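The next block holds one structure in the form of structure tokens; read it before the comments.
Should a chain be cited, it is by its letter among A, B, C and D, assigned in written order, with residues numbered from 1 in that chain.
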Amino acid sequence: MSAFTDPVPPDETVREGTRRYTLPGSLARNLGLVIALLVLCAVGWFTADVRFLDGDNFVTILRFASVIGVVSVGMTFVITGGGIDLSVGSVLGLSSVWASTLATQTIAGDVHWLVVVFTACAVGAACGLVSGILIAYGKVVAFIATLAMMVAARGLAEIISNKRSQILDVPPFMDFFQSRPLGLPTLVWVFLIVAAMAWVLLNRTTFGRRTIAVGGNAEASRLAGIRVRAHTVALYVICGFCSGLAGAMMIARTTVGSSTHGSLYELDAIAAVVVGGTLLIGGRGTIVGTVLGVLIFSTLNNIFTLNNLSISAQSIVKGAIIVIAVLLQQRFANRPGSSSP
Amino acid sequence: MSAFTDPVPPDETVREGTRRYTLPGSLARNLGLVIALLVLCAVGWFTADVRFLDGDNFVTILRFASVIGVVSVGMTFVITGGGIDLSVGSVLGLSSVWASTLATQTIAGDVHWLVVVFTACAVGAACGLVSGILIAYGKVVAFIATLAMMVAARGLAEIISNKRSQILDVPPFMDFFQSRPLGLPTLVWVFLIVAAMAWVLLNRTTFGRRTIAVGGNAEASRLAGIRVRAHTVALYVICGFCSGLAGAMMIARTTVGSSTHGSLYELDAIAAVVVGGTLLIGGRGTIVGTVLGVLIFSTLNNIFTLNNLSISAQSIVKGAIIVIAVLLQQRFANRPGSSSP
Amino acid sequence: GCTSNEPPPEEGETTEDTGGGGGGNPNAEAGDTVVIGFSAPAADHGWMGAITSAAEDHAAEYPDVELRVAEGTNDVNLQISQVETFINDGVDAIVLLPFDGAALTEVALRAMEAGIVVVNVDREFSDPNAARVTVLGDNYGMGVSAGQYICEQVGDNADAVVAEIAGIDSLPLTQDRSQGFSDALAECGQTVDNRVAADFTVQGGEAAASNLLQAAPQIDAIWNHDDDQGIGVLAAIEAAGRDEFVMVGGAGSANMMELIASGDSVIQATVIYPATQAADGIALARLVVQQRALADLVEVEVPRLVQLYAPVVTAENVEQYLPTAFQS
Amino acid sequence: MVSDGAFLTMRGIVKHFPGARALDGVDLDVRAGEVHCVLGQNGAGKSTLIKVLAGAHQPNAGDIHIDGHPVAITSPVAALRLGIATMYQELDVVDGLTVAENVFLGHELSTAGVSSSGAMIRRTRDLLAQLGHREISPRTEVGNLSAAGKQIVSMARALSRQARLIVMDEPSAVLDSEEVATLFRVVREVTAAGVAIIYISHRLEEIRQIGDRITVLKNGQTVAIGIPVEQTSTRELITLMTGRSEEYVFPPRPAVAPDAPDVLVAEGLSVPGIFEDVSLRIRAGEIVGLAGLVGSGRSEILETICGARRAGTGRVWVDGAPLRPGSVTSAVAAGVGLCPEERKSQGLLLDEPVYRNITLSSFARFARGGFLDELRERRAADRQIAGLQLHPADPSRVTRTLSGGNQQKILLGRWLEHGCRVLVLDEPTRGVDVGARAEIYQLIVALAATGTAVLVVSSELPEVLGMSDTIHVVADGRVVHTGPAHEIDEHRVLDLVMEGEAA
């Protein structure tokens, strides 16, 4: 161990080494995305002028991004850890329904608004726990286990809600989410805080390091003493938790819990994560990239709405823009082996 | 140090090693799926009795399976080759619309029914070509490239069809597809023939073996002199071709071409392929498994309907059954490393 | 036109009967330019496709209407942000067919508070103040009409097998239709014996119907919620070679009406659910913003609620409805 | 400039990678029918050179002549057309295909696209027979073969190409002594038929046995071109390669104190079908070796001791405390560290920087409340990098781009950093150059001197015998002999193995 060390003054080497060969910085790695986003903004500016540049418009973009953003942040963990979660949208719907049903029917009357949020998060985390256990201990491939969860959670949500939208009548809840501390809506703050915490978790903690290790080479991680299965479960729990939180945010945004909330969010979230530069095969994840990916998609939607493009033409343009954004991202990130699926 | 003469017949040692671990044959590998299917049939029999066991009912199941089956067979190639194609459903819709529009509007009058089929297949193959080139030469990750194609093809289909269902009025086309050679509907025959051809292609030809090689180890394949990129493009073309053919089959089944055809088929197809035992990371593919996977899903739908189960309850049960089927499949296929995504 | 068997009455455009377009109507004259934002669910089935096409086409007929179409979406989150964008943008009116009425109520209220005329189409808000005008189909009424017609057909055969092919089962409107249907059936002592749900698409209708036909070897009447999925349902019926029942459609597409008129199909009737609602919504929004009224009414304001009628179309009266039917 | 009768001439080959200058003007010439050895330390550029030759890399500068004509090798296909077949250092087989399909990958026998599997299987069977491995069925999926089996498939593939030049990049790394002997027999056969061989190995005695001429690389440059083997002493070769003149030796060690406590005790371990009833005890400071043939189950024994496999029966104690069966985490926590056999797939995060691989088992130590102090972590990694003399000594470099020997050092560094009571080494010097090998021996010995128990498996008998205090001979999943290492020699080990297998 340390019996063989220090033939060279260690400080020297570190300084040398870290300076000369640091991995491309976070900015450089996300430069392509930033460029894509700026180009989009320029397009928005040219086509919609002040209507796009308006401060309120940016708040609109951010508010839209916040729900899907929280889901995508959760997804980033699972994908970085070498998995995938197709159930996020359904779980979002289920937790919104569960929380709103609890508030409107079961408890009724005086329910503290935090209970709603807590219920949604707990339901989400529980779904993640089930998926995670199936995958880590039951050895069901992640794609299939979460596909099953996606189908089942949607069905359960329909049964609980009886396919009706549950209008939430907890004024403090709405008040909290409709306030605008420091000029930004609470929903946006929630997204920003979740993203910041996720960034710290992924980049500055042992948990994040384990996530990257497990996603990069599960067998090597196991032989190095990492509890790969428990860690995998934890990743799905985090992702489920984020989906549940997003369910509560969705209630805040729509005033209702509904089994239709979040449909197809799995695709949106995976797309944002992958466009952001997280490797779909695991082992490399970037929260900043994910946030930029989410912003690209929501800016795109905003520009479409501002401009009167026919709905079908919008789809075609969107397809083209997705490809361009990824090409830009890949060009600057300059990762080897990016041609694998 | 190798100056030793062979003191032990080397044959003995290695024979032990290689024999002990031979993979079970094709039947054994699919045994879990066959069991799952038989169990399902038993459930069908107990719950719906003669209505399930009826010959016509099996034809119903097969007819239902045929369209998604052809799509899944195409998907098997792409996934075996290490890719993924999310655009199959949209491409199905686009080719159905293109073919039916051509037949009803452009050419009008006397159009040979084969022209319809040919157009659909050509449109599908062209979409596959675009995706394939983006992936193989543009180095866009497959998930994103085909997601973009999925969005764009749906938009194009809507523009071409003006969001209307185009009723195809080519009687020979309908006659052909509604006939029942040897007691089975033509659609089912098409599925069976496609599956048989695909089986031969994957298991008995150079092309198929190279597909497994490319999916299993792209770098080794390149070093062995395989043109990996061209091969990848070919795989997406095949998948697109199958989607296009499925578009024509969908016209035959519904009498119309519509931009809504095939929505969410990508998930169904991927699920069938993965449940069938094809590895999502590539390098191992089974057409027989895919066919069994498709049959499991369509039998499941049939049993649900026969039992008048509510859609929500169906969802939950379906989630559970997907997991069980995969567990059975994995138990018998006994593949190592199946816990990866 | 897009069907090759019979040319439809008009090329392309959907004909109008509520307010705008027609000659001699004072409301047809151009007024100040009105900017209208339009948002609707994804055109993932024929009726919704017809809704958006009709809205776009109808708006194009008015020189004084500038339409901003948002991407069709089934994500209420996105739809809310589209409405917010319209609000920021300061449009004069918003025609909104919400994916989920209750979920869009809050943002519609905000739009109203911002002085924007909100026209609610098809799926109703949970707060009447959230819209200046509401254009509604009658989903419950549709179910009732279909149920009553089927009651007439099966008469007092107590053992009659009645089947229902619903649309997207998780939508409240489907729940309303099914409720109306079973309520009406209850009146004549019938119940729904087999129920399947499709997804408003042709392919979904075909798949649901082929399984349904297998599940029920003998059927007396079928109500299919949606004529677009009905194309698939008929294809399945034809493939199964069944014709022992009467079938009633829903929404009222031109194809189905033509089949009803021809009389040689199992489909005997359909219940109209107009696909022109959004087009009407645009016409009404324009009138409200320009402070005009419905010319034929004495009332000087546009009414608050327009509920469209859900008549049953049969071979007898089909000629009357064919011209306004949507091309699915 | 083309030397007499040279089949292949490479002149001034330069190859840059981002951040690395792998080849910096390398010359090579190979004559028909000779075995030309390429020597060099880990990272000298041997594999890069042969990848340039094989068309897998494009050189930045330099010319290649074949039969005196300049050629451009733009792709692997071009190289194969020129009659150059290559066995790569990384096993380049496809697990999902059968042996026959792997052998003919890229040049399948077919009629109208349909594989002529019968013909391929027959040809493969002949090739395998030629290689002395009739027992491998051409129909077996390659994923089920051991590393040695895969290497044999790779060899059969190279032979099947009917090449004029076969390049072998460290083929003997995964083979045991008998298999190497068979390989040499085949090499002599094909060279007799006029085929040239480029042979790369870190085992100098092999070079001596089979080689005709030697080219030595150092830091991407040629330091000796085509010197005849007979006229060059091993000491000279080592000097050329490393700049130092030491031969690798097993440093003399004091005998283990008779009263040293048992650190690791394993009782009656067995995994059904693989090995049975294995009992071991290792005292503090003792090095215990497992000797045996490839496929005898040694790797599985190590994995079971480390908790990576669940034992059917038996327990393991470390310092008297039992390990939780089937839990690597508890083994690591008790101070058991495993350097696995397949370092790429089992050991390393190839796309992560070097320092993270070194601290993979110990990064939690550099954290407070779960938050990593990366500066401390890097400093610790740097100490290990310096101590291991890693080349290049760059903690941030992506691990994939390091040469094999340096990757092995990273694994050692991981357990040095973690600090362990029991170090378990599976083929620790596979693919490691002579210089680094000596360093690794020294590291292991020094580690033992601090009281760590070491368990080592190696297919190189001199190595395992030279290093260990105690030897267990394993044959067919059973320990057939246990005794002090100095009382046994290589012949005796092989005799024991033969008896054990026969039993």
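Just so it is clear, a contact is a pair of C-beta atoms (placed from the backbone, for glycine too) under 8 Å apart; a residue touches a chain by one contact, two chains touch by 3 or more.
Keep in mind that this is a model prediction, so the values were computed, not measured.
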Identify the chain pair with more contacting C-beta pairs: A-C or B-D.
B-D
Farthest chain relative to chain D (centres taken as mean CA coordinates):
C
Gap in Å, rounded to a whole number, between the CA centres of chain D and chain C
71
Roughly how far is chain A from chain C, going centre to centre by Cα mean, in whole Å?
36
Per the C-alpha means, the centres of chain B and chain D lie apart by a whole-Å value of 41
Distance in whole angstrom between the CA centres of chain A and chain B is 30
Per-residue overlap in chain D, given as positions that touch at least 2 other chains
none
Flagged in chain A as touching 2+ other chains are 158, 163, 310-311, 314-315
For chain C, residues contacting two or more additional chains:
43, 52, 169-170
Applying the document's contact rule, which stretches of chain B touch chain D when the two form their complex?
1-8, 10-18, 20-23, 200, 204-207, 209-210, 212-213, 215-217, 219-227, 283-284, 336
Interface residues, chain C side, partner chain A - complex:
37, 39, 43, 52, 56, 66-72, 74-78, 80-82, 84-86, 88-89, 99-106, 126, 169-172, 174-175
Where on chain B is chain C touching in the complex?
48, 51, 54, 56-57, 60, 63-64, 67, 104-105, 108, 158, 162-167, 169, 178, 185, 250, 253-256, 258-263, 301-302, 304-308, 311-312
Chain C - residues contacting chain B, complex:
2-5, 43-46, 49-50, 52-53, 169-170, 194-197, 199, 201-203, 205-208, 210-215, 217, 228, 231-232, 234-235, 238-240, 255, 327-328
For chain B, which residues are in contact with chain A within the complex?
82-84, 86, 134-136, 138-145, 147-156, 158-159, 163, 218, 267, 270-271, 274-275, 280-282, 311-316, 318-320, 322-323, 326-327, 330, 338-341
